[in-house]
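Before anything else, here is the set of structures, which you'll find just below.
Shared between the two complexes below is subunit A, which has subunit B as its partner in the first and subunit C in the second.
On to the complex of A and B.
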């Protein structure tokens, strides 16, 4: 049940993050981003969180001003994908403390690291929030140490 | 840690109110970074900062074509923060086939071997994100080591498992999965649920490919499910809104769907317990959205597994009741999934009664306000359709068709047509529905639909009279769609005489009905109607006069196809005897039974993706052909040819084309619309590198425009016939099977150079019977100046898949039309063109003696007109022609060929109005003059 891509798109249609788990040419990627963004932005509230795009399914959910979008295969489990998105949002939220779109813009590399801790090859690698946050905090600690060493020199 | 320069830059960009300002700021920054990078003496921190800026620009959608090397350098930095940015850089900027992959493989291997696990993780992420063949080949065993080693920490194992999954998906041949099966499967028992989750994903993918080797996964999965769901043994970290690790539950339930039901009674019992517990847990609807979603995600997967195990079990009956509740739910997601899962059940079970109880609700779902739900409703109706409810469902769908979304209509039309054909008990119903469909859905009716109607009417005698009557009726309605006219034209042409005695259907009335719309329809349809008219002359000699008037008028139209038909039909109709007319217009024979083109069209729409499908939309019979049963389906394909109606229609036109200079024989319908040659798969090797050994022998003989053999080995003989006219050409390729067995999976594709369009007229049969020959007709259109020739790939199954790559002798000179010029005209133009670069000259020393006759033949074969008495020196050749293209206009070609008998040399001077053409034409003639005199190939 691989996820093919994860997109974070603002309500104005700006891409805030794009992660691809399949190999596609830049042209194909931008076509998908454009089409899917358009489809998702046109959906009204109360509609379901799933839609079809070509031979794939698109699972999305809106959080404040951002749409979190995942593209999956036609027979993948929709709800469980939806909850992967939610878990990602929860991790971001915990890390940044009430995450906002701005956090993701200025710390885009962190957003990618966290997604990497959650998903590899489009599959969930770790569902425990504690485990994901611990991994990220460990990285931060190493960086902090390096920065301190730098200062003390 | 925070980089001030980066933050400032991002803030700057955000302050750019318009795109022009943003572009300006980006360009400034790019220029700045470029100079910094050129400088070369950057600190690690600065390098990191600039790579980050580039990445930010990349995310905003700007093209980043430098900085890759700096990212690669950062990878080998001893500092974690720099290394990390380096890895992020290469995963975002690099793709698997990049040349730079080679450079990073060694750094990655070093990090994989590192004692620091954090470095291992970065390396694994990089492999999983890029995953090229080179990485797979050199690093797969390192990844495997990290996965199975007892010393690996859990968080490394998880990543290793999924990294291997990515490599396997991309390059399955690199992973010796069966050898590793046991050790990998055992990890499902790992106490760490995160590891178990990752490994289950890996096993799911491997087991689809090697089910035998991974049988061990069945008991492991069942026991793990039992432990989590029934024994409730799990660590608290992994509870997600009161549900223990829903992702793992879903994965394991899905994994079991790729295996046949277990035969071990203990395991069976355990699994039953698991499923029953899940069903019981779902009796209540939790308030919390996440809790509810997770619970339902598991429930739906459990139902899918239960259906897979035994679609008549008690569990499935309980599930059906839950689904019935779900499709009425207020929550859109639940309705959607309820319909989807019910469609799965309907697709595999014999027992449709439970589902049919909800027919009304399901039909109502077609009016849901969410298109996603409407789609699922349509799928379910299609799956649950059988003889008993076909009439209701079809009539509901037709009613709904008028208001359906445009995006849905074509699929609906296809499905209605299939259901009608499959479940029709009365012929008249079939005809009524299909004609109603064609008349009301108009543009959404694909060509396949009306081809199929013609096919069925032709094969069922008792349908013919009724359909002729109905089609005439529909064509008289004020809004008659062109597709109706096509069906009408064909059916009346064949069976119009059956209704000629009815009031309002006399021959002239039939003719007038058709002809009233003649002027309004497309050229293809008009061509079809002309064929109908010649058939009318045969059926109803009394209206010959009226029809001849039409032919006469159309003998002068601009369109070549119509003109030719009109001329030839006129000639046939005005012959002294009717013998030829009668032979040509004999009733069409029955079509051979074949798989409906509609079904293949529909199946084409639901393509395969990475994970195999566990079921297909459609009734039970469409699921007997699911991957597990592909063999049976394949056998069926081999016995009856799967080519569609269009194929058989245009097959006849090829045989006629050879003899009759491209005219379509009157007996067939409209020529099938040419479909562009199948796009070629982009493989690592280009076709050119794989040309069949020795292909030149045949190819060179055909360079001069002859027809003959293009290739021959012990199995296959390939021949071509061609004709050219201006910028257009036709190429018939014959494939002969020389063996005494059938050649299967036969496929042909053409890669044409830019500027040359090569289109095949129909889908080729996928097999060639023993000692038989099939043919494919290509139409060629030279749009621009082309200097390359098209390549063709022929593949078939003989033990293993054999592929033959060949060049097609469609040289540029084929699109030249010879012309004759007088001496004055020639020299005026010769001077006008002038010298280089539009003049190209070459001295050619030929092997052996100069033969003037041969030189003349070569020029003529390359379609140049030889102008006599132009050159003051007799013995010199002067030749002229016009090279035609449809988009880039015409190019005049002039040349002189001066033989020197003493030294056996020619001097060739080519002047054309395009330097590219001059150069290429010179090369073509050069090669031709150097080649050995070919033995006659005709």
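On to the complex of A and C.
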């Protein structure tokens, strides 16, 4: 039932973020990334956001120049997965303030942290936007404090 | 360390960095370092990596997150009690993660976690929604194999769903006006698993309530609507059968389908068609099925979007009845041949990849083929129709049709088809007759199929046709006189004659072995009567040809040649038996 992977791919086909919730060898992973990226980039705008890849479903959505892609099992609910993607983007957007591809390139570890708050082991764990942002901001505050202490020493 | 993660993201193998990640997680001086360390640990340490053993016990103390994602089955026994203790931790994010970790344990080693189900169940009543949601996640997995033992979950599920639908959760869980759609969907999924028998009726009201709320929403609400439909359809059939008759839109979820199926938004259209796929075939009724819907389905079939088209084909397969079978199967056959063109059309790269990767799961094409055969067997209108379909598939079907496919068809002919349109005693005999006609049409040469269509089948003709043709002749060749109009044309000696000619014309050892086994079977059936000398001579000749001419180079075909000789020898023995 959980999501198998989340990929962020630019329109040029560059991977911007890849998170796997299943155990696969690097070779299998790169094959999936390559195939799925190809499939998704070939879709036209007037088509629906779902497609089949082997025996899994791929759900994608384009935001500006980035494609957000999630792979799920055949029995999963596509529509709700699409909304998970959307919620992730909302959280990113709120955090960075109008998120852009560059934000993600330079702060990709933060994008991972946020995904971790949202999804654990591939399942939606915290659907509340407020709760996610609060957790992230708490982390950041502690980090800042420590950085300041370091400076003062 | 972050650079390392970046490397992993780009698809490099950076296992060498795992140990450093671990060190950083343990000894990080600042939170920033620790965070980076944990992130790297999680990304790098996958199940099976032996480093997990060292790392695990730190994680229980410091962070359960990582535990959720990686564990060796061997270490679970020592972990379970620690994690269970974490269930009563004061901080909700610890409880939440403990539940996810337990779920992970459960999938790895069910028996270890199973005794503690009652304790985990308490988490369903946790005041924190996210913990409750995590508990639902656990049961969504656990309920799969143990639906029977988990019936007592139902009251709790009903309560949770009721609460969520009534908007009792904190505001933060609203998603675009929809109350906690993820929790709703999880509840519905578990209910679907539990609702096979008498429990359905108790759950239906709250499911309908969720439906009514969701039908006013957007975005995530669509996902909930789909789940509601799926859940209702997996309940006891009487539930959906009753609901589908209702004219009241609030009581009949099927009435929302047209709104989606006819939508111009491709996502909603996809949703509508997928919804139709979920509907129990018995629940199709005029109460909700409209002309518009039919139009929408036809439109989806013609859609340029492959995803929608596939869904629509699946739907067609589900809609099968005796009346529409012919049209639908025609459509499926069309899609079948379409599918092949796609593969060939995509050119060099695609086909190369396909050859490299022998797929373990059925391809789209194989799936359609299975659907066609199944549909034809269950709903076909007549024997003639069935056989012409089979011959068409065998001859033009390409490499997807294997000898196994043929064997499946044979067993249908042998054991009888389920469709009421077939006369099962007539089917095999007719099959043999068609096989004779086919041979005559092809001038007895089965290799010639490739001459006729050099473009479509550049490879060798599929041996599947030959296998089928000679099998039917061997099994039923002697019975054809029972129904043939021109009796003399199809009596046993005529069949033997034809088979002998096939043996002469086709030099391919595989085909010859098919012919020979048919010959042997028939001559046993003919036993009191002698086998015409002309035929035995042909076989003897062929057999000698094989021994004198140099055997083909390939070792594999050498085996088939030996097989041919063996079969020929057996036939001759039978023939001798008849003479003596």
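Keep this in mind: the second predicted complex is superposed on the first by the 153 of 153 C-alpha atoms of A that agree within 3 Å, B and C clash if a C-alpha of one lies under 4 Å from a C-alpha of the other, contacts with A are read in each partner's own complex, and residues count from 1 in each chain.
Convention: a residue touches a chain if its C-beta (ideal position, glycine included) is under 8 Å from a C-beta of that chain, and two chains touch if they have at least 3 such contacts.
Treat the numbers as computed from the prediction; the structure is a model and nothing was measured.
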Which superposed partner A:138 touches (first subunit B, second subunit C, both, neither): first
First (subunit B), second (subunit C), both or neither touched by A:74: first
Contacts of A:53 with subunit B and subunit C, given as first, second, both or neither: neither
First (subunit B), second (subunit C), both or neither touched by A:108: both
Which of subunit B and subunit C A:15 touches, first, second, both or neither: both
Partner chain in contact with A:23 - subunit B first, subunit C second, else both or neither: both
Shared subunit A contacts, counted only where both subunit B and subunit C touch the same residue: 1, 15, 17-18, 21, 23, 30, 46-52, 55, 77-80, 82-84, 86-87, 108-109, 112-113, 116, 120-121, 123-131, 135, 139, 142-143, 146-147
Subunit B contact footprint on subunit A (complex, rising order): 1-2, 15-18, 21, 23, 30, 46-52, 55-56, 73-80, 82-84, 86-87, 105-106, 108-109, 112-113, 116, 120-121, 123-131, 135, 138-139, 142-144, 146-147
Partner subunit A, residues of subunit B touching it in the complex: 1, 7, 10, 14, 52, 55-56, 59-61, 79-81, 84-85, 88, 92, 95-96, 118, 121, 124-125, 128, 131, 155, 158-159, 161-163, 165-166, 169-170, 193-194, 197-198, 201, 204, 237-238, 240, 245-248, 250-251, 254, 290, 293-294, 296-297, 300-301, 332-333, 335-337, 369-373, 375, 605-607, 609-611, 613-615
Interface residues, subunit A side, partner subunit C - complex: 1, 15, 17-19, 21, 23, 26, 29-30, 33, 46-52, 54-55, 77-84, 86-87, 108-109, 112-113, 116, 120-121, 123-131, 135, 139, 142-143, 146-147, 150
Residues of subunit C defined as touching subunit A within the complex: 2, 5-6, 9-13, 30-32, 35-36, 39, 43, 46-48, 65, 68-69, 93, 96-97, 100, 103-104, 129-130, 133-134, 137, 140-141, 170-173, 175-176, 180-183, 185, 189, 219-220, 222-224, 226-227, 266-267, 269-271, 274, 304-308, 310, 359, 361, 364
